[in-house]
Structure formats: structure tokens, C-alpha cells
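Chain IDs A, B, C and D follow the sequence of writing; residue 1 opens each chain.
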Amino acid sequence: MRPDPFMAALGLEVRHLAPGEAVVAGVVGESHLNLHGTAHGGFLYALADSAFALASNARGPAVALSCRMDYFRPATAGAWVEARAKEVNLSRRTATYQVEVVSEGKLVALFTGTVFRLGGDAFPGAGEGVPSGQNSGWEEEG
Amino acid sequence: MRPDPFMAALGLEVRHLAPGEAVVAGVVGESHLNLHGTAHGGFLYALADSAFALASNARGPAVALSCRMDYFRPATAGAWVEARAKEVNLSRRTATYQVEVVSEGKLVALFTGTVFRLGGDAFPGAGEGVPSGQNSGWEEEG
Amino acid sequence: MRPDPFMAALGLEVRHLAPGEAVVAGVVGESHLNLHGTAHGGFLYALADSAFALASNARGPAVALSCRMDYFRPATAGAWVEARAKEVNLSRRTATYQVEVVSEGKLVALFTGTVFRLGGDAFPGAGEGVPSGQNSGWEEEG
Amino acid sequence: MRPDPFMAALGLEVRHLAPGEAVVAGVVGESHLNLHGTAHGGFLYALADSAFALASNARGPAVALSCRMDYFRPATAGAWVEARAKEVNLSRRTATYQVEVVSEGKLVALFTGTVFRLGGDAFPGAGEGVPSGQNSGWEEEG
């Protein structure tokens, strides 16, 4: 799997790709920093967005509609950062993904994004969103 | 744990509560419907938001800053709906939660919300966000 | 214009409705409060979401995909609250709205929401999103 | 006003900067494209995020907490794109901004972002969020 031009320009590489999931990774370079000297919010987003785009387009052509990025901690120059996208919902016309941005074992940011699926019917999805809670072993009290 | 006035008015009950997590549930009543005859987006959000508020305030006083709600499928009148909140990040001043809204084994909606923690230092958190990916058994390709 | 069942249950009324815009208002009642004694985040969201639903469905049938709610200040019991929805983008298959939640001359919350338009072609939109900046008189420096 | 390293790497320039507002602009280059041959979502976000960061830090040091990006239409290679940030709320500890991404007179994307203000008290804000609706001349029906 070849990265797109923007991913290439940022030195990002595809580590994993399957229908509805993707892992993209890279190193925070000097040219990726903000005024605080840490990874620019736009760089971390571009990393997450790339994993999101790959995961969703692996289901058929899709375009981003709306994305959210929550920032938890800074990533420093030289750090390895990895974005792990998974599908949380797949409908005929839309799909939603979550992407964890991780560095040195810590959750740096969390991305949630929804796409419009251009193909629609032509690419019937497998796995409709199953609540993760079903597998979480939560004991619910009465 | 007693529901707050709005939860009580909507017939919502607390099923589980622990620091950073909560489960709130209820039944979609006739008075909770929208023009399409399914659960109003505001009702489903109120359900998720209640679990979010309980989970976050169980860490000390906190107020909501910014929330996202992704809708995946309708919930019908009479359906049991459940919101399951878990903490994805806990910092000194802010914290972020995800809430799955589930009905009849399906993921109906996904909520992501961030709070400002009024107490700050006074309520040092445990468990800083750990990437779920660490436990996901993903095999990353080179 | 008649409110839907959930709006009616919350005492919300439609104050204005036109293609792509709506105003919905109500009073924060005792049954709409949270644990802090101010308007529940879910109540304020339901208010905004109702204006969003009316504004978007006035373009033809549409369902909510993804919404964001930013909370700025509390609304107290007895306060009049008003949600004003306007269209920021209208495409063939999706549309995006912003809703300001106002009380006593203050911006209490800001809602941004995107719908999927079920009718699609059947309801060709008027006014495609025009940047508000065009009218803002900003002087850009070189 | 000097761009930060990431802005510089993307060829972005600061066109306007004042407390709570900023305009950042650039050209969509070949290295900013996605697989569809249009501006990468991460590039457009980085543009908006840069305006957001400048506008918010012009109030005192601040870090991004949570951002939303809504995509409306593609931007093509060679197009001039401009991000215009304005403040919609300023509180002691947090502030929220909206950024319109415009190209060739069209609204390409809309960004909404919230920061945590590190300085807090030290940088008392001016202009608390005033509803734009107050100036909109909407006639509300009874």
C-alpha cells in the first residue's frame, strides 16, 4: 500500500491495512512542530486522518464529512507516533471510525470521523457496528 | 445513586457507577419521539450525556466543555436503550469519555465528551488513558 | 408548525421556521436540571437539536449524522432559552447547520450538526454555503 | 508574525492576527494532495488549526483540547485557500473558535475548536461571546 502525496511529504508510512482498519505511523520531525516546540495539532491530525482515510476507502470510495480530534498530551520531536483506525459503524451510505494516536505507550489523541460512502450499494459492508461493551465484561448493577 | 431531575423526568436509571465509568438506561417512551416516530436525537443524547456526567463527576466536580454525538441507527418506541460511559483520558484539569448507546445488541450512537475538572489538583486521577490498541492483538505489518 | 412529541414534553415551542433555518425556545424548568442545579446538558442539547432538525427537514427529509455541542455558561432555572439554527452548507446528500443557544443575551452553547438528506436529488437546495467572512469586513494584512 | 515550523513546511502564511482572530492562507501544492487528487483533509485541517492556534494564543498561552472539522467541498491543486478564525467564546480557563476555510469564494470546510488557557487569570479576556443572532435581524414569529 502506497501512501498518498501528503502522507509521503510528512514521512508517514502504512503499517497495516484491511477493510475498515488501518495503522499509519511516523516520526515527529523538526518541521512538524508548533510554537510550543511539540508536534503541531495539524500534524497529529494528518496522521490520524490518513489512517481514517485508508480504513474507510478500503470499503470502497468514501469522502470525509465530519471529524473530531481530542488532544490529551503533547508528542515531542523525535517521537514515534502511530495512528490506529478501527470501524465503529458501517452503514450503506456512511461509516464512522475511531483512531487512537499513540506514542511511547501513551494515548496522545483520539480521533472520531464519519465518511460519506460514494459507492453506496456497490460496496455492501460486512460487520455492522457491534457495541464493544458486549465484550467488556462489565457487570451492571441493579 | 439517585438520578438528577432531568434523568428522573426522562425515566432514566443509573445501572452502574464507579470512578470514570457509568451505565444509564431507560425505555424509549411515546413522549421521547421525533417527527419520524423514532427516539429523538435529543433523548438519546440526554441518555448518553447522563452517563458521561455521572462518570466524570465520580472523579470530582466537573462540567462539560464539548461533546460529539454520532447517530448510527434509529431506536424505536418501547425499546430498551443503555448508555455505557468509559474514561479515555484523565488529566489534572480535563478528562474525556466515550459513551456507547446500545439497544437490542446494536450500537445506536456513539458519544465523545470532554469535561473541565473544577477541583483540579484536589482530585488526582488514577488511570491515565491507556491506548486500547495495546490490548487489541493487532498484528502490525512492516 | 407543531412541535414533535419530545419537544412538547420539554415545553419547547417553534418560534420561526423557514428552509434551512429555525428558532426553538423554552423555559428551563425544575425537571430540566442537573446535579449542579442548572440546565442539564441534555436539555440544552435537545433544544438545539430540535432547531437543527426543523431547519434541516424544512429542506426535505433528513436524519442527523454527527453533532457537536460546546457549552459556554450555565443556564439557570426559570431562564428563557432560545436556539437559533442556520444553514452553513447544503449539498445534494448532506447539509450542515449551526445553532446558537442564547439566554438573557448571552451565548450559552454552540451546536454544529450534519444531516444525511434522504431525498437527495428530489430536493435541490438553494443557497450553497457562502463564507460569512465575505461580509465581515475583515482587513487582511499582507 | 512568524509562522511556526509546520506552517512554514506547508507554505502557510499569516495574513491577519489580533487577539482572538487570525487569518492564515496558502496554496494547495502537489505534495498536499490525497488519493483522490484533491487537498488532503489533513492539509485543510492544518490550515484551519494554524489560524485557530494563532487566534487563541494571541489571548495568552493556550493548548487545543477538542476540535471538529466539517468538510463541504474539495479544494484542487493550485487553489488558494484561506482560513479565517474568530472567537465565539472566551472564558477564564477555556475559549472556543470557529474557522472558515474558504477557496475561490466558496466555503470548503468549517472548523470549531476549544482550547484550555494555561495562563487563566493572568490573561483576563475582553469580549465574551455575544450571540451573532443579536445582529442578524431575524424576525421571530409568535
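Throughout what follows, contacts are C-beta pairs under 8 Å (C-beta built on N, C-alpha and C of every residue); 3 or more make two chains touch, one makes a residue touch a chain.
Listed by chain with UniProt protein names: A, B, C, D = Hydroxyphenylacetyl-CoA thioesterase PaaI.
Remember, predicted model here, so these are calculated numbers, not experimental data.
Undergrad: Answer with same or different: of all residue numbers used at the interface between chain A and chain B, are over half used by both copies?
TA: Result for this pair: same.
Undergrad: Please identify the chain with the largest separation between its CA centroid and the CA centroid of chain D.
TA: B
Undergrad: In whole angstrom, what separates the CA-based centres of chain B and chain D?
TA: 29
Undergrad: Suppose each chain is reduced to the average of its Cα coordinates; what separation in Å results between chain B and chain C?
TA: 22
Undergrad: Which residues of chain A are in contact with two or more other chains?
TA: Residues 65-66, 68, 70, 96, 114 of chain A touch two or more partner chains.
Undergrad: Across the complex, what residues on chain A touch chain C?
TA: Counting only chain A, the residues touching chain C are 65-66, 68, 93-94, 96, 114, 116.
Undergrad: Please output the residues of chain D touching chain C within their complex, sorted ascending.
TA: 15-17, 21, 23, 68, 70, 72-73, 84, 86, 88-89, 91, 96, 100, 102, 105-107, 110, 112, 114, 128-134, 136, 138-142
Undergrad: Which of the residues in chain B come into contact with chain C in the complex?
TA: Where chain B meets chain C, its residues are 4-10, 30-36, 40-43, 45-47, 49-50, 53, 57, 63-71, 74.
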